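Next come two complexes built around subunit A: one with subunit B, the other with subunit C.
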Partner chain A sequence: MKEELVLDTLVDKVMAELERKLGREKTEDVAEGEDSEQEEERIAVPQPKWREGLRELLASTPARIGVWRAGTRPLTKEVLRFRRDHAAAVDAVYGEVSQSILDEFQLFAVETCFQNTENYLKRPDMGRIITDEGVSVIKQKCKQRPQVQIVVSDGLSANAIDANLRDVFPALLDSLRAYGLQWGTPFFVRGGRVACMDHIGEILQPDVFVLLIGERPGLVSAQSMSAYMCYRPRKGTVESQRTVISNIHKGGTPPIEAGAHIGTVLKKMLEQKASGVQLAI
Partner chain B sequence: MRLKTHVLGVTYQFRDLKEVMAKANEEKSGDQLAGIAAADMRERVAAKQVLADLTLADIRNNPLLPPEEDEVSRVIEAGINEKIYSQIKNWTVAELREYILRSDVGAAELKRISRGLSSEMVAAVAKLMSNLDLIQAAAKAEVITHCNITIGQKGVLAGRAQPNHPTDSIPGIIASLYEALSYGIGDAVIGVNPVIDTTDSVKNILQATKEVMDKWQIPTQNCVLAHVTTQMRAIRQGAPADMIFQSLAGTQQGNTAFGISVELLDEADELIRREGTSTGPNCWYFETGQGSELSSDAHFGIDQVTLESRCYGLAKRYRPFIVNTVVGFIGPEYLYDSKQVIRAGLEDHFMGKLQGLPMGVDVCYTNHIKADQNDMDNLAVLLAAAGVHYLIGVPMADDCMLNYQSTSYHDIATLRELQGLRPAPAFEQWLEKMGLMERGKLTPIAGDPTIFM
Partner chain C sequence: MEEQWITSVGIDLGTSTTKFIVSRLRLARMSSHFSLPRYQIVERELIYASAIYSTPLKTGDEIDVDRVSRILSEEYKRAGLTLSEVKSGAVIITGETATKKNAQEIVHFLAERSGDFVVATAGADLEGVLAGKGSGAEARSRNIQGVIANIDVGGGTANTALFQRGKAIGTVTFHIGGRLVRLDQAGVIHYVAPAIQPWLRERGFRIVPGQQVSFSLLQEIARQLSRCMLSYLAGKEQGAAGLLLLGRPLAEVPAIDEVMISGGIGQLIGEPAPTNLDETATYGDFGPLLAHALAQESRHCPFRVVPAVQTVRATVIGAGMQSTEISGSTVHIDASLLPLRNVPVLKLEVGGRQLTAAAVKAEIGQMMELGRRLFDATVSPPFALAITGMGYCSYAELQLLADELAAQFAEAFPDSSIMAVICENDMAKALGQSLTIRCQHRPRVICIDQVRVEYGDYIDLGEPIAGTLIPVVIKTLAFHEAGVEGIQ
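For the complex of A and B:
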């Protein structure tokens, strides 16, 4: 009995050690596996009538087709791929923009009246108003009546800012410089909605405004950013007066290109003294 | 009209019918955003108690949005059969609920009283019903419609093939359509949401889907869900459309925001009857969803359940082939979490059926709402039990164009097998001919899209 016990303990120890080692290897495998999976061909249908044809179909759309089934349910690998993409999207909504990126571009931060993410989602109206404290910080730190006001906000995807700002922001400044446009003091708004630009517009009275904001994440990309632009945004500005460049991410509108393009649009707004549906681009 | 009641030692006096209707709703973030929701559960119960004792005549005599001011109200008023209404006008809302649930009241009886009800009365009774009430009542209703084929029979669960593509690529749309067909999905409609709302794009997609239908002799109907005016231009230029589509709101002002009016819909109706390619007589596809009126600031302080019901009152005028509520698409400021989405899905389905509409549901969610695919599984099962006409089929439930998640081709196939439901009969015959289905079960080749290549 006793010997058996000792043996059991020993076996347990060896197994634990093995598991620890294998476990570590497994983690490394996953990290490598992720890239290779995208290369790998996704032919899941076991005996397609026409294999070459299936490749053609898969190449024609990002839709999740040719995925096959277990009974009438999808295969485990596809289910997990879906869950992984959904997790990335949800994390983007509940994530926070990293302080280091704000420091890098010397963006000070103010908040809207959103309070917290839960409330932000329920009360879009509160994400359009800067807190009293924020208003006084803006008044104190920002240049009044700038030609161009740049504001960055997390919106529905903090991840979008982390992923794209390093490319978009410098490209935008370069573009403004090239057109000889003067910008004011850029800053960051936590918990912002698109129309927070109207409140800020009232405070700083800029000629044109660009808000770089995280979009509602999808499964294809959780890192998509939009640039909302407006000529003299003020209280009462309606949505059709805004111009937007959306889908800015590495699989959509390339961030550097977007930065340059924003500068061009702002230039046109200043020339035409108009934005949104009234702007001829 | 008595607007006062006592609940747990507190007296509640409501201002008007509008307030009672709003506060009697189950909790919805959209009603809270509008500032019209009950403050707490006790006030909610008080409102339900008051509503239960109001008569149907009280509701009709106190219009929330007078017909003189709103054309949707006029359409709803004009749709009421006075003889049937006069037989039931003294019923309380509580009595209406119990009549609907009686075991000797079936599809025929529901069809009859539905002609005497206004959309507001239907919304009122939904507010007094539990989720299971809504399921049982909807399951009794029978609404059969015909475009190229018939759907809506008892025991039928149809599916919309929604083969969207992020750039409207025709080969990409067709690839996803082949996948749908290989799972037995596409009997409700082959319906594509275009990215580019132009006449040419709509024409191309209608043409391409029609070609697949002709080549494989598929008994179904096609539709491209662009703005109605774009579809009208495409149809006038000869595009083959079996149906015409539009999203609806429950107020005239809400419809103005959608760029439509009753006059425009009447014109489109005449056009699809004259120039449409289907057999008919049901040639419309409508979509709705709680919250759209508030989002365009066209709600007049009316709650989102009542406004949704009014969409159905408007839809009824055009005898559509299919209607669906896109229940989780609008966002958490209107339906906060899966509990609210599930409730809204069951309410909408019931309210549409009770107004004689062929109801489907887009069981769906966006990524900023507190819901996931498991919640969609739950709601889909509940709706299948409630006799939903059709569900949306998207590859793996992920719409790569609209960026939201719905139900999948797999899900519809599963619900059919699980609950003993079948595709539309004409479509099932075709699936058998193609070797994709036998006795209501998918065959081993199902799921291979290349059989259509």
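For the complex of A and C:
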């Protein structure tokens, strides 16, 4: 939470510092109300021909449009923002999920054969296999043959789990309760790829599986999470058999609503005994 | 479900004419398969328009219910439509007809007999907005930068709605219509509507039934009526239109760039101008004169006059084709409780900042108290609770809301068996589930989202489409700070 605040104000702080060093005074009027300031802030075009139209365009996308320029180049502020977002994306890949959030939801951790992040990036196949040690921990701690198996994994963004699990996870449990579905023992997989659910499926034999996993970070958000769902994932399951709700983060698919909808999807999978492209939603 | 068509009808009982249309609306999935499902109405198609009937009246102040239903059953047959196919739509009683003795009775009678989900509506503000949507003004407002006014002039009233970038931003209604003054070809006055008599007196016009008037006198009346309204809309002479205003004036008249004239009078503009009393009284009233006076006077105004796409059928098309919206697709519904008609809306404005337990408790408490004061506590649901102004909603905040809503609703409305909640943001499924866990089906919960409503609106919730979403019709009664009065 604190980190987030620092990140969001980083560009402003750097800009303020630059302006101070260059001995320039801020020309913008800061006396405006906070809300309008926030909205106006995105309109970098100094004198738009049609302010309302520009505002509509900006509201329609998180992409970097209407950012204005100095000569043929982007503004310093915009370049800093871009680099900040890029740095956040890199950080998300190399970050680790905080222990406190795993404790909060009583998730024990196992690892895949990924070894380290460098190797994880180069060898996706190794992120799909749980270590022998992990397998025995899972066998020892988990309920066998559950109706629903929930697994959380950092994937390519540990940050996504830190940012969204508190909202998605309990909403997901509520939706399972609402549909009267029984879930097994949830746990956390470090260094997981989507298809690690196949290996876990072999071990625990669940009817349906939901994997909450950090997505490859982008420049819009480094905190985006996906929920991959599958009916009876086993060795040999192909990608077209998986169903996904992606882009779960504050500015995308609302986390609580995603959690609430997962129950509906799992229920349909159980009814139709299918998932992925074969599932009719 | 990838896409689906639903049938929607519109029925308009106007001051002078009654019309009926059938349209179909295409729902399509707008979201990718990797996102939560999201559907929208992507196409609205008119498939049948009835002839224009004279509104059947029994006596001067009573609508002939039998004849209206006979017309409709014939029209349904002609359109090849059975009642069960109709999933949405609106019946609207407009203009002076709405003041007839049995107007309310008939509108509900028709709504219940026109299909599974056809709602009863009335009110000058809503009428103006529907006409503006039907005439094409709303669609045009999306393509221009400024404000467009649609003036729908019928037999009894001129309903004006202002649109900007696809949004209705205001309405105002005038006592101006073709049948306010009726006469025969000899120029003998048969009727002068009481609504314009104060204005006529103030202007020094003295016309009474039985009196023979000259063409030039009538023309002058039509001209001055038009001028009064247009100069009001142009932002000058606010006072002059005072006696012609029906209901409240606009809080502020914005700069209007374009004007469309729809309604029966809008259609008459396209016909040759009358040059004598004989040609004026084609329909037994001064409508043709009024139409051309309006066209002429509007040339001296600061706005551009653009032709309406639909004129005489604008309101009925608006009611039939444009009144239906659909909810978000991840919602919490219980098909056995639907449809729900005419549910009044109370708004819970949840501040954009972090929610505190005390603030949520106090605000929900205030709203429940207001609900108890305004509505019958035994009705299910007594009102629909609209949650707006919420930014990002965390699970902790969701729990806070659900706790307070469930507890306080049960306390304030112990006899009500349904709680209806409408969220502005995409959160209805999560909130609905949280509420259901707490309420244990007493009351049962309907929670929908991605619908914008205002305090004072009435909403109709239709039967689920493909089990996942519902059609809704929002009846906006006023753009003014209206109390909860309106239709019942």
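To be clear about the criterion, the second predicted complex is superposed on the first by the 212 of 281 C-alpha atoms of A that agree within 3 Å, B and C clash if a C-alpha of one lies under 4 Å from a C-alpha of the other, contacts with A are read in each partner's own complex, and residues count from 1 in each chain.
Throughout what follows, a contact is a pair of C-beta atoms (placed from the backbone, for glycine too) under 8 Å apart; a residue touches a chain by one contact, two chains touch by 3 or more.
Please read these numbers as outputs of a predicted model, since none were measured by experiment.
In the superposition on chain A, contact is made by A:Pro254 with subunit C only, not with subunit B. Of the two partners subunit B and subunit C, it is B that touches the larger number of subunit A residues.
Using the contact criterion defined above for the overlaid structures, shared-chain residue A:Thr72 touches subunit B, although it does not reach subunit C.
When the two structures are aligned on the shared chain, A:Trp50 is found in touch with subunit B and with subunit C.
Within the superposed three-chain model, A:Ile281 lies in touch with subunit C and out of touch with subunit B [touch as defined at top]. Shared-chain residue A:Phe82: touches subunit B; no touch with subunit C. By the touch criterion defined above, A:Asp125 lies against subunit B but remains apart from subunit C after alignment on the C-alpha atoms of chain A.
Of the two partner chains, subunit C is the only one that A:Ser246 touches; subunit B does not reach it. Within the superposed three-chain model, A:Arg234 lies out of touch with both subunit B and subunit C [touch as defined at top].
The contact surfaces that subunit B and subunit C form on subunit A in the two complexes overlap at residues 50, 53, 56. Those residues of subunit B that touch subunit A in the shared complex are 29, 32-33, 163-166, 169, 171-176, 178-179, 331-333, 336, 366-369, 372-373, 394-398, 400, 403-405, 408, 410, 413-414, 417, 442, 445-451, 453. Considering their complex, residues 35, 50, 52-53, 56, 166-168, 170-171, 174-175, 177-178, 244-247, 250, 253-261, 263-264, 281 of subunit A touch subunit C. For subunit A in complex with subunit B, the residues that touch the partner chain are 45, 47-51, 53-54, 56-58, 60-69, 71-74, 78, 82-83, 85-86, 89-90, 92-93, 121-125, 156, 216-220, 222. On the subunit C side of its complex with subunit A, the touching residues are 34-37, 145, 165, 330, 352, 392-396, 398, 425-430, 432-434, 436-437.
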